[in-house]
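Since the structure comes first, as structure tokens, the remarks are kept for the end.
Letters A, B, C and D name the chains as they come in the text, with residue numbers starting at 1 for each one.
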Amino acid sequence: MSYNTFGHLFRVTTWGESHGPALGCVVDGCPPNIPLEEAAIQRWLDRRRPGQSRYTTQRREPDAVRILSGVFEGRTTGTPISLMIENTDQRSKDYGEIAEKFRPGHADITYWQKYGIRDPRGGGRSSARETAARVAAGGVARAVLAELLPQVQITGYMVQMGAHAIDRARFDWQEIERNPFWCPDAETAAAWAEELNALRKAGDSVGAVVEVVARGVPAGLGAPVYAKLDTEIAAALMSINAVKGVEIGEGMAAAALRGSENADEIFMGETGPEFSSNHAGGILGGISTGQDIVARFAVKPTSSILTPRRTITKSGEETEIVTKGRHDPCVGIRAVPVGEAMMACVILDQFLMHRAQLGEGGGGRIG
Amino acid sequence: MSYNTFGHLFRVTTWGESHGPALGCVVDGCPPNIPLEEAAIQRWLDRRRPGQSRYTTQRREPDAVRILSGVFEGRTTGTPISLMIENTDQRSKDYGEIAEKFRPGHADITYWQKYGIRDPRGGGRSSARETAARVAAGGVARAVLAELLPQVQITGYMVQMGAHAIDRARFDWQEIERNPFWCPDAETAAAWAEELNALRKAGDSVGAVVEVVARGVPAGLGAPVYAKLDTEIAAALMSINAVKGVEIGEGMAAAALRGSENADEIFMGETGPEFSSNHAGGILGGISTGQDIVARFAVKPTSSILTPRRTITKSGEETEIVTKGRHDPCVGIRAVPVGEAMMACVILDQFLMHRAQLGEGGGGRIG
Amino acid sequence: MSYNTFGHLFRVTTWGESHGPALGCVVDGCPPNIPLEEAAIQRWLDRRRPGQSRYTTQRREPDAVRILSGVFEGRTTGTPISLMIENTDQRSKDYGEIAEKFRPGHADITYWQKYGIRDPRGGGRSSARETAARVAAGGVARAVLAELLPQVQITGYMVQMGAHAIDRARFDWQEIERNPFWCPDAETAAAWAEELNALRKAGDSVGAVVEVVARGVPAGLGAPVYAKLDTEIAAALMSINAVKGVEIGEGMAAAALRGSENADEIFMGETGPEFSSNHAGGILGGISTGQDIVARFAVKPTSSILTPRRTITKSGEETEIVTKGRHDPCVGIRAVPVGEAMMACVILDQFLMHRAQLGEGGGGRIG
Amino acid sequence: MSYNTFGHLFRVTTWGESHGPALGCVVDGCPPNIPLEEAAIQRWLDRRRPGQSRYTTQRREPDAVRILSGVFEGRTTGTPISLMIENTDQRSKDYGEIAEKFRPGHADITYWQKYGIRDPRGGGRSSARETAARVAAGGVARAVLAELLPQVQITGYMVQMGAHAIDRARFDWQEIERNPFWCPDAETAAAWAEELNALRKAGDSVGAVVEVVARGVPAGLGAPVYAKLDTEIAAALMSINAVKGVEIGEGMAAAALRGSENADEIFMGETGPEFSSNHAGGILGGISTGQDIVARFAVKPTSSILTPRRTITKSGEETEIVTKGRHDPCVGIRAVPVGEAMMACVILDQFLMHRAQLGEGGGGRIG
């Protein structure tokens, strides 16, 4: 079974292959009367667009989005919003070899083993190009959040490239937009630039850790127990290509803490509860606390590299492969806007789920 | 919105509070003609049962499961299987204080903020007691797997308690069943016993990392792109109480690798493709490779501890809280059978999804 | 695949066989803080209960419902509500013959052909006893509607038994509760009593048409285009045992009308639009108009009859069957509270869906 | 909430407005390796296409379908299939008046009341044009059925126009394709032609009853109890624009039968059970019997007519309306291929659901 829809009430169905004529998505469940224009979506796509710096794939795609339905005179109508992005720079001759050989670390072999057929042009459906549709959907989610929860701000950034993590002491929100790595630490960004140049020359690639923070999310969002806010975030982020780990708040490091260290103590602030710390990453029992939602995900290094690797062909012969094509040496960079988009979709979806059960008031008062 | 069902085709709906009369689940979508008896489910529940060693909560629950429907003369009929476990040792007077005060690090405050009402007896629905229903459902999943994919073996174990990880060089599958920590390394298990005794005396708790391995899973399972096998595992594990991070294969450490290190090279074995390593954790592009599926999750330290923590009351007054009750000093221990159960459910669900789309043959041959 | 859940946001999962130890349901997605007691649910079950008049099956079941979760101190908590009804009068020896022979017109043969196993005691899962769980869920839905949409009134009644329809000119809402047929026309009710006595003596059974009206439903409910209000009602009613047809408003008779006759003209009333007629049954484009929602369904005659019918055995031998047991000569009578329950669930579900997308205001003003 | 997806495993999400740039659907869950070309889908769209006879709307749309994803070298890949149909003949000036006035019997008023905004051009999303996307999806379903269940034949036809029903004694399968009404009775078709001409001149419209038969469906399909085969068919057909009633087998007439008349007696045929009659319409207990699946639906007369009707404006003023535009005098005619498409989708979906739970063997033998 293929399963190309995510979300419960804000439902996004994506379609399209890397080298097909187009890709896109259908966004269903969007509230009506939300201002929405192509430009508002394009803005986010432009962040993910390939070919913008020398640190990402040199494939050049305008990634121009068209709204085909669901919007009338600049406002959503509450009916499904169909978004389409045409593929233009497909150069599928680059991919001749991978029609027969399986790239190690890539989905080539598993798609073949599952389906017995696959679109080999650029990885087909398993390509990171699919994430353009997610970013477009995230653009719609952001437009809705801007109306319904205007205080919510979602920001992604890279906190680690290879083994080199940022220095949290130098964290600067403003810096994120200033370097090609969405890195909140200028000094680390400069070092990454050098490291990545060296890697690219070596025909190799490297992994990364991306952090996504959602500020301003009200307390009470989350649908226990199998659509908890952290569960949904974990699923959304793990579904992104090449992601191998997901953390909320302390994440894996929580294992090493004691209960007395890990529990965020509670105080009474001016407008409600406040916490002494945020080990929880803004989520307790699967429900938001009102603190920043903090999630991280690890992106493995691109498996399409120039370093020769041993592999087999469809007919079972052992051979070597070198993936030429045009690939990202650190696919984590372009995963930043994708992580943001998924977070935006999840938070909106959870807000709608909350509103269904509890209406617009709801929830218990404190104080 | 409350969301208490997981699975697409093998669907489990759990219900019940920690101190209500009973808890249970309804398992829908189970294939018919599968041998199933209460004892087969009870076996797994007994592993999770509280009060079995001094390292877990002293609450004593027989956790005896009853099959109320869906089974006729020892075989499943294909109709919904209703499982019920009565609560017997509820001692709810232990929980008087937490009706008014919020335990830091616990879902008390968020349930209140979400719903404006909560069952305060033992954490109500947010209690780890809910996981008994998961383990029961996992027992059904195991019974079905035993018929449909008999080669599949699912085993969970603790690989880290606090900051103390096992030594992989001493890994021994047999050891797992021999110590109260499900620890595959006898030496580490002994050390943990001492450490946990000390912690318990100090009225504190500690986190853990649990690893779950599924061996024998055929290649081709996974429903791209939003119900990928790793996505579903991540969601299933993150939905367990107190889990803050989930990893597949290399997990977060994949970020530090280079592409040339991370890609598992492919060879031709006697019965099909083999790999030089398993950085991928048995999943590429969201689809199983035929290698071991390897997942890990971090469980935070129990927040119900004897160490006083600062908090507030419902009416907004600042105060302190000490949680007496009977709590697990390392809830990660009892999370092991829960992680196994979730893995069993996900793999069965994915198998059914695969069979729906591809029938019983399907998939591409190699060689 | 077995599929035992209905509803999108107010989700009901039913379980249980006719002659198993118990049956019940889990209601998920219920808003919190709704007053709910067993007695409020029991009230509706008592209407459906067998053995209340000589016109229904003589099986005697108290159908006493227990709330096992989701309610704390008389109010819903927003977590799943588990309801259980124990079977007491099971007398499964009555059913010996149908373990081997297929009753014509009954699900015996298709359950066998599908599953290769079935619980033959009283029809197992295909028995009308499953509808007790629906009525219990409907009781919860009614309790929620009483809080959220208190103006909504849902009433079912029989409008036809065999070929004998009521006289609409004698329609009297008060009469419905006064006779054992839920018939709004006293004169017809008296005639039906005689007809049914004759039928019962003849060992035969008869079909019926039930109408369910929901008054006070606000305009705007319905989720186009595949969860339209009428679509959901049609599915809900068609899923009831023995139902063969479903109509909204004019129903099948709409085919014979001209556009000029069928269109309900619109006027401006004191509080909003009013209509000259209600051919539409209160639904246009799948969305409620604010008029009465009017649905009807046809129940076929019980196939378990004393008249011998030709059939075959599992081993393929031709034979005859007479179904003794204790069966309803007109199962349509007891379908009335079931139809009401399904309507209540659908309207609540649609209300929650509407609230998710549109919040509590929403919708366009007229005038 | 908007809900634009139907199907459980063969999932179709439609999008698009009557007068937007395009409409289409995404088909997810399609098995791989199924031969599929645009021409195979186009064939069914051409049957539904407007402007083919003088008995349907004179809007001229080529309704040319494009496959944008999910097919590689003429075969499905198992990934989502995106289908797009561009709108060309939109002439939206025809619709000026209905932006302000509500057409009686039409969804204008309810979309406005629900959403507070609507695309008034040609009815927007509530237009019958949405059904083109269903027919395209049905074309995919038919292509899959041709591979997986090649014996299945699905045929729709009109059995009643206005009050004038066909004569079943003259039923001729061949005749269906020979007249513009898909009428299996040539004599009645000729009479309908005259009646419809008269109606059109009178500026009026008329309803119809369409019957859809699926022959060759194997016994055992259907997912009790809330996704029964008849439940799913009822929902699928009721979701078509203007449908007010749905029947299976005897349908509403089953109410008037006695149990002894209605039960289809069972015999042993050469290859399995056979039945003396088909009152059940091929479905017992929600599961197919192996007989013909017989469903009917009533389509109300088009509400867009030239006869003036009384209505109100958005601002609440009472007025009259005459709908000029280009409308079908009997929209039932073009509903025939839509009913077929929905039936094809439901049967395929149920087959996949069955295969998930039972694999390729499964089910009980008789004889």
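In this text, contacts are C-beta pairs under 8 Å (C-beta built on N, C-alpha and C of every residue); 3 or more make two chains touch, one makes a residue touch a chain.
Here the structure is a predicted model, which means the values were calculated and not measured.
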Inset, instruction - Name the chain whose C-alpha centroid is most distant from the C-alpha centroid of chain D. - result: B
Legend entry - Interchain centroid distance [CA atoms averaged], chain A/chain D, Å: 39
Legend entry - Approximate Å spacing (C-alpha centroids) for the pair chain A, chain B: 26
Inset, instruction - Using mean C-alpha positions as chain centres, tell me how far chain B is from chain D in Å, no decimals. - result: 45
Inset, instruction - Could you list which residues of chain C touch at least two other chains? - result: 1-5, 9, 14, 29-30, 32, 78-79, 114-117, 125, 224, 352-353, 356-358, 362
Inset, instruction - Select the category (line, ring, star, complete, other) that matches the graph of chains linked by touching. - result: complete
Legend entry - Contacting residues of chain B [partner chain C, same complex]: 1-5, 9, 11, 13-17, 20-24, 26, 28-30, 32-33, 66, 68-70, 72, 75-82, 84, 114-119, 124-125, 352, 356
Legend entry - For the chain C and chain D complex, residues of the former touching the latter: 1-6, 8-9, 14, 102-107, 109-117, 125-126, 130, 160-163, 199, 204-209, 219-228, 230-232, 234-235, 237-239, 241, 243-268, 273, 276, 279-281, 283-290, 296, 298-305, 307, 309-312, 314-318, 332, 353-354, 356-358, 362-367
Inset, instruction - Can you check the complex and tell me which residues of chain D touch chain B? - result: 9, 29-32, 78-79, 224, 352-353, 355-360, 362
